[in-house]
Amino acid sequence: MPTPLVVSDVAKSFTMHLRDGIRLPVVANVSFSIKAGECAVLGGPSGAGKSSILKMVYGNYAVDRGQIIVPYRDRLVDVAAADPRTMLGIRRDMIGYVSQFLRTVPRVSALDVVAEPLIARGVDRKDARDKAGSLLAGLNLPERLWSLPPATFSGGEQQRVNIARGFITDHPILLLDEPTASLDAKNRDVVVSMIQQKKDTGVAMLGIFHDQDVREAVADRIVDVTAFSVPNGVAA
Amino acid sequence: MTELATYNFAYLDEQTKRMIRRAILKAIAIPGYQVPFASREMPMPYGWGTGGVQVTAAVIGPNDMLKVIDQGADDTTNAVSIRAFFQKVSNVRVTTKTTEATIIQTRHRIPETALQAGQTLVYQVPIPEPLRFLEPRETETRKMHALEEYGLMHVKLYEDIARHGRIATTYAYPVKVEGRYVMDPSPTPKFDNPKMHQSPALQLFGAGREKRIYAIPPYTEVVSLDFEDHPFEIQTFSEPCALCGAKGSYLDEVILDDKGGSMFVCSDTDFCEDRQAEGNGDHLSANPAQAAANPAEAAE
Amino acid sequence: MSDIPLLKVKALSKFYGSRIGCQNVAFELWPGEVLAVVGESGSGKTTLLDCLATRLAPSTGSVEYRMRDGQFRDLYRMSEAERRFLMRTDWGFVHQNPADGLRMSVSAGANVGERLMAVGDRHYGKIRATATDWLGRVEIAADRIDDQPRAFSGGMRQRLQIARNLVTNPRLIFMDEPTGGLDVSVQARLLDLLRGLVSDLGLAAIVVTHDLAVARLLSHRMMVMKDGHIVETGLTDRVLDDPQAPYTQLLVSSILQV
């Protein structure tokens, strides 16, 4: 099996056209890879570009230069250059993403928000909802909330919905953007053990964890993002 | 005729007749298709049969025998006036006998006596476009005819059933002609629709105000639109004609007094009179109250 | 998702005299894919939609559609009869103003049933049963089936229009500002309904909107138009979260935050 994720010489900057086209460099020469069953954690201070790297891997941010190689349908695909349709397929089948904030959809219940990625992959609706229920139960989300849209939930409740949604599928690659930020100690431990389970099944994970305890509990390796930083204003 | 000025035979000038005949030929060639024609001003108002009169004027010859009916009757104002008009402008023979006539101009009925090969039935048409009430744009209805998009016609029938539990359209009931064009049979009762099917007579339709002519050539398939679970049905009457005792003819209600007394009699006066002359009927006319107690289904 | 596109648009342009409606538009659309076309009024997005949906003949270029038999046909080389048949069977068009897409003076049931009757359905009971089913799917109570859309609220009318379009199980649906003019709460319900129907039925859709929130919620992919040209395309969340073109950045930065 090929390495699930290879990031090679990636650079990212923002061009602010509304501010006379100034370029804000974010990262350059980003190179690392993650093996199956490994959890790599991006390290570095705020603003170093950790989130940008996650978003580039997920296809959510454009990539200036370099390659992000993911195996997809018996071939290797460069996410940095993939067309939208391929990228949608990769998201459905290869890369899962737990974002920091939940983007809620009006009127869709928490249970259906969690079940949706499974249904999108063709799993029977009832089975998907059963699995969603057991994940939410494991994360201690009160059952009376399951049928409600998460828009009005507290930050911690929304985060748990988000985690369940990200963990429900068996994507070989999982991106975790501060999944435990708003959780209490008990639920942090639940997430840590969920990450451990994913590792055991061979999922390659790339995460951002500000919480040092969690980081130490899950990280096999720290990828230091400061090594990829660009001196201000001279991005190549 | 001794007047100084005389009319051209059948009122219209020969050029106009040629123009109308061309339209009629085209209409016969494309059964059910509405052919535009340059409708003329006639010495009667629109709505009084100017379309039918122009068609009759274009096809009538000196040897023809003309019958004119209005709601089945030969003796109503409209029928009498049009008959007198053609007597004056073409000097043709006129009749009230369906079997004798070569041309029958009609408003709202088809005679009960089956028509024969060689006869021509001319309908006066107020609104030729069957899709009009659902789609007011003429450009769109023409396109719908051209492309055979007739789903809308069933929408109307659907609405009937949804509202009344059955197809409540009782006159101007739409038909499909020779499997192609949907056509408005003019405001004849749907009772008469089956008579149009495979008729040996030529059927011509003239709409003066709307400037359209259409036709059903002899022996043409004419099918009334319907649903599988709500098939086309004609009106039925519970009582026979109060005058001639006919069953299965189309009846009009005639009010007899101010107390609500009425009787039902054949709308086709010629048919009714023939039957009475043959010694039928007269058994109910003595007791109209009995007929009123069994009101027939309203025709319109 | 199938590997063969449903729609292939090549070098499509529409000129109004010397003015540009849209110019040199090219893209492909796959089954099950929702494409949002965004831009401000006058950007050419509605012109493009009309050219795609055979409502307006383009000046140059081609639009090819994969018919149910698998053959690609150039829409503008088809006869009008074929195009119109396609429009009312395999396609749907949801207008911004429901009155443009509904018959306001016939009942809700007949509005939904019309397409069925147009393709030859002649069984009243079955047509009515199908119409009832579809009203349910768009959350209109069954006892409103004989009411005219005049008696409906804006949101209900829009849902009725959607049912009317989907009753023949189309594969491609065009939407022109489907939530325009609706209250926010009504919009949310409609968007949710559309999202569900599109994914359940595997519909491909092209949605024209100036509302980036609608685009984010409904679409997989986005095209940004300005002055008749496409200035940016890509995954919807990529375009919105990391806009590249100056105009897209302006659009995104103009969104009001709640």
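Chains here go by letter, A, B and C, matching the order in which they are written, and residues are numbered from 1 within each.
By our rule, a contact is a pair of C-beta atoms (placed from the backbone, for glycine too) under 8 Å apart; a residue touches a chain by one contact, two chains touch by 3 or more.
Small disclaimer: the values here were computed from a predicted structure and weren't measured.
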Closest chain to the overall C-alpha centroid, by per-chain C-alpha centroid: which is it?
C
Comparing centres built from CA atoms, which chain ends up most distant from chain A?
B
Please tell me the distance, in whole Å, between the geometric centres of chain B and chain C computed from their C-alpha atoms.
46
Distance from chain B to chain A - Cα centre to Cα centre, in angstrom
77
Just give me the whole-number Å value for how far the CA centre of chain A lies from that of chain C.
32
Residues of chain C defined as touching chain B within the complex:
80-81, 84, 88, 103, 106-107, 109-110, 113-119, 122-125, 127-128, 145-146
Using the touch definition from the top, list the residues of chain B that touch chain C in their complex.
134, 143, 147-152, 154-155, 158-159, 161-163, 226-230
Considering only the defined contacts, which chain A positions touch chain C in the complex?
14-18, 55, 59-62, 84-85, 87-89, 105-108, 119-120
So in the complex, which bits of chain C are touching chain A?
1, 30, 33, 188-189, 191-192, 195, 199, 217, 220-221, 233-235, 237-238, 241-242, 244-246, 249-250, 253
